[in-house]
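Listed after this line are the structures, all set down as structure tokens.
What follows is a pair of complexes built around chain A, which joins chain B in one and chain C in the other.
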Partner chain A sequence: MQVHVVDISSWTASFRYPNLISGVQPTLEVPPVSTVLGLINAAAGQYLNHQKLELGYYFQFEAKASDLETIYQIDSSNGRATNNAKSNIIRREFLYNARLKIYLTDKTLADFFRQPYYSLVLGRMNDLATVDSVATMDLPEVAYSSRIAGQVVPFKENHLAGQIQALPKYFTDTFPRQNVGTEPYSIISYLTPVKGNLPAIHDEQVGKQGIDIYIHQLDFSEYD
Partner chain B sequence: MNLKTQGFVLLDVDVVALNNAGKSSSSNFENAVATKKITKNGRSHTYVSGQAWRYWWREALQRNVGWSLSPITRDNKIAFTEANPFLYADDDVFGYMKAVKEEVVDEKGKTKKVDATVTRVSPLKNSAIVSVGSARTVENWSSMARQDGDSVPYSKEEYSAIMKGMFSLDLAQLGTFANYNKTGFKNITQKLKNEALEQGAVEIDDPYVKDGKGNPQKLVQLPKDIRLQRAKDTIQALKTISGGAMQTNNMGDVTPKFIVLATTSSGNHPFSHIVTSEGINNDRVTLNLEGLKEVLKDYKDQFTGTVFIGKRSGFLNEYNDELKELLTLGEGYPTVHLGTINETIDAYCAQLENQLP
Partner chain C sequence: MGQQIEITSLIQPTGDPFADVGGYVIETLWEDPNLKDKDILGLIEYVANMYINQWNANLHAFFLNSKITQPAFDSKRKLAETMVYYRSILNETAPSQVGYCRISGRKTNLFAAGRDNHILSGSSTFINFHHGFESGLYLSKEIIVRFFFVPLGVMQLGDKIGLISSNNNIVAKYYVQQLLTGPDGHLTTLGRGLASGVARSDYGIVANALFAFADSCIKNIRKAVFARFDENVVEVHDTTLSLYHFTNFGAKPEVVMYQLPATVFGFYALCQAISYSEYWRPFVAAHYRNSKYKDAKYSQDSDTWVSAKEELAYDSYSTWRNVILERLLNGETLAPYFKEWIRKHKFPFQIVENYLFYVKNMDKRTLQKIKDVAGFIVSRDEDSIKKAILRLNRAKYVQEVRQYLLKLIDDNYKTNPTTPLIRLEDVEYLFPETVSWREIRDLLLIAIYEKLHDNHMIVPTEIEEQEVETSENE
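Then we have the complex of A and B:
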């Protein structure tokens, strides 16, 4: 299968748990699909209205650490922010020396990364990232994956091991923005590869033994 | 033009505790403060969070560059800045969020309150500042002692390290504001927009966002001289930036000792890998000049103008000759300018004057 692979690296990265508001903020060990689609938008410089697209990605990091930071907790009424805010000090986890590989079948999307419009960040404002390369590869397809890691896979039907978390696929560009296509995913850290028994593509250049990349078939036509 | 300033800096600090992480859990002292660090393969890398660097930066702009910072309203449960990027340059450069209701007069002449919440994504993005190699921290015993009574012992964690940081300033976004209602886009209220237009701001087309009829949305942009001044001030502040915890006992100089400044037509930050560490404990810092050359070549088309590199004499002197080679790379590379730190910052700012549209 011909795929266009974008290699991105950053010193720090963090992907917050969607349902935790206060206390310690842990980080997901793999970004959600919506984060990767947001990154593509940042590279494109505009909000992209996808209908269907195929997307795979792999994420790894070298260490996990905890930061101490000041946050402002803002109240809301009817889904809108108010000016009631109180400051608090929280511990927030982040990942160090991170690397994200995005596999796309649509060349136009991959080409945005050759000259991204906005600065790319893996998580938050301080997680500045660098595009290391954009390349086209022919990767073999496997019918039954044997090593899935560093990715999220829809939990329904696949029932893979890993941490289960409800994650959105995308966000609308309305005000306030709405999450789109939220469903449970297995979050499989790059540290704990699992056998998938589902169709994937194999990238032997990732890790010591190669990794099978699950290709998400995203269909947003029903949300129009 | 979609231009960005991409910057990379190295700091050289001795016996500092720049950013602390609260009570230490590994100390035998009851009063022990830990410094922020990342543990990787059993070795620690000390760091300053991005938030702290921004705080130093904002303070430097106020103290040394003369910016009057956007006032913070802070009651018991309320905290926000003015969110007026026309009046306050730091609102413009560092971004904000403010939830407000604004009084408007409708067609029937009645006053009503409408939601006028504004948010602005920061045009200045910066990384954390991380030690390049592993940095061994030491727990230092201190005591608060006066003539009377018992002394109070405490400990703090200190280190010496060469640290790296990078930033990206979006020159297209600086001094340019949207007021249409999309997440992250609504920077200013209608009232503020009208005021700005009366005072010399102009409207320009948004290249991407269109209204319902297919016409481009309008952005409000400040005059060039103000935008240029804000960009230059932000970069100039690095000359005199100071900060960090425990300044009374552990004052560290946090101005750059090595700096790379370049304008790119891309959001990609190219300089993240130009410094690496070597040695058994990964504690020796090396400039990856081959990597820098590679970046200069690979992204030649995306560099606009000259790439400026500055270094303080005495810091990493072993690279002086290799750095000079960058001046004669020739075809296929952008031109490179070498100088001292402050000279380099000035020369880059002079280049900006001709680049900002």
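Then we have the complex of A and C:
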């Protein structure tokens, strides 16, 4: 299968749990699909109205640590924001020395990364990322994946091992933004590979033993 | 009552651990003969009564200023206000907006979720953490209702609440079923007039609680854990356990997450197989520690910890800290502990091998090379074996291990010039980048001791008892 592979790296990365707001901000060990689609939008410099899209990715990091972060909580009155903001401190987990490989079948999307329009970040604005390379490769397809890691895979029908979390696929460009396609995913850290028994493509250059990459078949036509 | 609610949306797994536990609680309550005829509002009333009258409205670790925890309300008002609120959600008369539920993903009427009805979503002071300054997370009514039932599906674990979820739905539901219908479950104790609040774990330590639950699964829901279990073959389903250790209490809401990966769960389940459990159980039991019982020693014969004053059975000592369980949970190596244990106890090398394959993901060729070298060492005379053990044990630098291996290669060459002990291509397997040299050294010693046990050889090595080294960065 011919794919266009974008290699991205950053010193730090942080992917918050969508519904945990207070006290502490733990990080997911793999970004959700919506984060990767957000990166493509940032590289394109515009909101992309995808209909059908094929997307695979692999994420790894060197270490996980916690930092103290000052946040500002804006006061509200009758449901409207006021000018009063109160500072607070939370603990935020972050991942160190992160690498993201994005596998796209659409060359136009991959080409956006050759000269990204906006800064690319793997999490918050201080998690600045760099595009290391954009390349076209022919990767073999496997009918039954034997080594899936560093990815999220839809939980329904697959029931793969990993942390299970409801994650969005995309966000609308409306105000306020709406999460789209939220469903349960198995979050499979690169540290704990699992057998998938799913169709995938095999990238032997990832890690020592190679990794099978699950290709998400995303269909946003119902959200028009 | 006429509320329109989709039953499947109340109980179907969503991926959100809190919503899913709430769903399992609802499903389990409906399986009770006394509750099966109640509609969802009837279940809410039943549980609200329990929270208010049996639990003294003590839901502060879950909901801040909810209708139940509101200190200004008396018991009757707590119940009345709770029913008014949930009726308005179910009838959709509460303020709502159409959109996609943040948890179920369904397009429907959504209601605001904050700290009064949802866990860790933040209070109204977090409006800038929501899209377009919304006043909370927006969720469907089914999800809001699920959260109300969460306190019945979790347990007090140390200073916070423990919630266990899993990719294995049977395992995840079994956790909640135990809390509701088990011997000390809420429904059982309520019948005896003993219900008093959130279930309390027997353990204050996360690792002990997680592995105790794994033990319970292995013992009681064997079909969900094992794909195959007979004398010759043991195959384990991929099961991950996730523990959310949280509180939504007052000014210090917090959550810490723990993962027991499928690889560790699988290895642990394998260790309970018939051929391994008699060796694995004492190995784990001997590594419990408690500062109050510093003089106590583990007795393998009676499976008790014995001090000068008393003898403590499993029920007592299993609440102590256990370095083996903690290391398994934290992904730290067990090799030094295997090494110390195998010196004095018979311990099948297959347990170590399974650990290295499943948990440490070690290349089989690395292990084979270690076994080859150990085999060569043990094939020599007693004095050489003794020197090998002492030299490897004393090694403080990787160079010392390398020099010793070079000497072995030379010794082998002198006696057997046709077959090299280590080929050049083997070096990358014997010292892989991902494994510390200390671990390789420990594995070599484990393999040597295993062969000595197998050959019934006693080699007096005079090694002093030493604290297990934990550094993996050298």
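Keep this in mind: the second predicted complex is superposed on the first by the 211 of 224 C-alpha atoms of A that agree within 3 Å, B and C clash if a C-alpha of one lies under 4 Å from a C-alpha of the other, contacts with A are read in each partner's own complex, and residues count from 1 in each chain.
Quick note on the criterion: contacts are C-beta pairs under 8 Å (C-beta built on N, C-alpha and C of every residue); 3 or more make two chains touch, one makes a residue touch a chain.
Worth saying up front: this structure is predicted, and the values here are computed from it rather than measured.
Q: Consider chain A as the common anchor and indicate whether chain B and chain C clash or fit when overlaid.
A: Verdict on chain A: chain B and chain C fit.
Q: Touch test for A:86: chain B only (first), chain C only (second), both, or neither?
A: In the superposed model, A:86 contacts both chain B and chain C.
Q: Now for A:45: first (chain B), second (chain C), both, or neither, which partner does it touch?
A: Touch partner of A:45: chain B, not chain C.
Q: If we overlay the two complexes on their shared chain A, which of chain B and chain C does A:155 touch? Say first, second, both or neither.
A: In the superposition, A:155 touches chain C alone.
Q: Would you sort A:184 into first (chain B), second (chain C), both or neither based on which partner it touches?
A: Only chain C; A:184 stays clear of chain B.
Q: With both complexes superposed on chain A, which partner does A:194 reach: first (chain B), second (chain C), both or neither?
A: Touch status of A:194: second partner only.
Q: Measure off the angle at the C-alpha centre of chain A toward the C-alpha centres of chain B and chain C in the combined model, and quote it in steps of 10°.
A: In the superposed arrangement it comes to 110 degrees.
Q: Looking at A:32 after the superposition, I want to know if it touches chain B, chain C, both of them or none. Which is it: first, second, both, neither?
A: A:32: touches no partner chain.
Q: Does the superposition put A:96 against chain B (first), chain C (second), both, or neither?
A: first
Q: With both complexes overlaid on chain A, does A:67 touch chain B (first), chain C (second), both or neither?
A: Touch status of A:67: first partner only.
Q: Classify the contacts of A:164 with the two partner chains as first (chain B alone), second (chain C alone), both, or neither.
A: second
Q: Please give the least Cα distance, whole angstrom, that chain B and chain C reach in the superposed model.
A: Comparing every C-alpha of chain B with every C-alpha of chain C, the smallest gap is 5 Å.
Q: Which positions of chain A sit in both the chain B and the chain C interface?
A: In the superposed arrangement, which is not itself an observed complex, chain A uses residues 72, 74, 80-81, 86, 171, 175-177 for both chain B and chain C.
Q: Sort out for me which residues of chain C touch chain A in the complex.
A: Within the complex, chain C contacts chain A at residues 13-17, 19-20, 99-105, 115, 118, 120-135, 137, 165-169, 238-240, 242, 248, 252-257, 259, 261-263, 331, 361, 434.
Q: Please give the residue numbers of chain B that touch chain A in the complex, ascending.
A: 2, 4, 20-22, 36-41, 45, 47, 49-51, 77-80, 95, 97-100, 115, 117, 121-122, 125-128, 130, 166-168, 170, 181-183, 186, 207-209, 265-270, 272-273, 302
Q: Of all residues in chain A, which touch chain C in the complex?
A: Those residues of chain A that touch chain C are 18-24, 26, 72-76, 79-81, 86, 155, 159-168, 171, 175-186, 189, 191-195, 208.
Q: Note which residues of chain A are touching chain B in the complex, please.
A: 9-12, 42-43, 45-46, 62-63, 65-70, 72, 74, 80-87, 89, 96-97, 113, 115-121, 125-131, 171, 173-177
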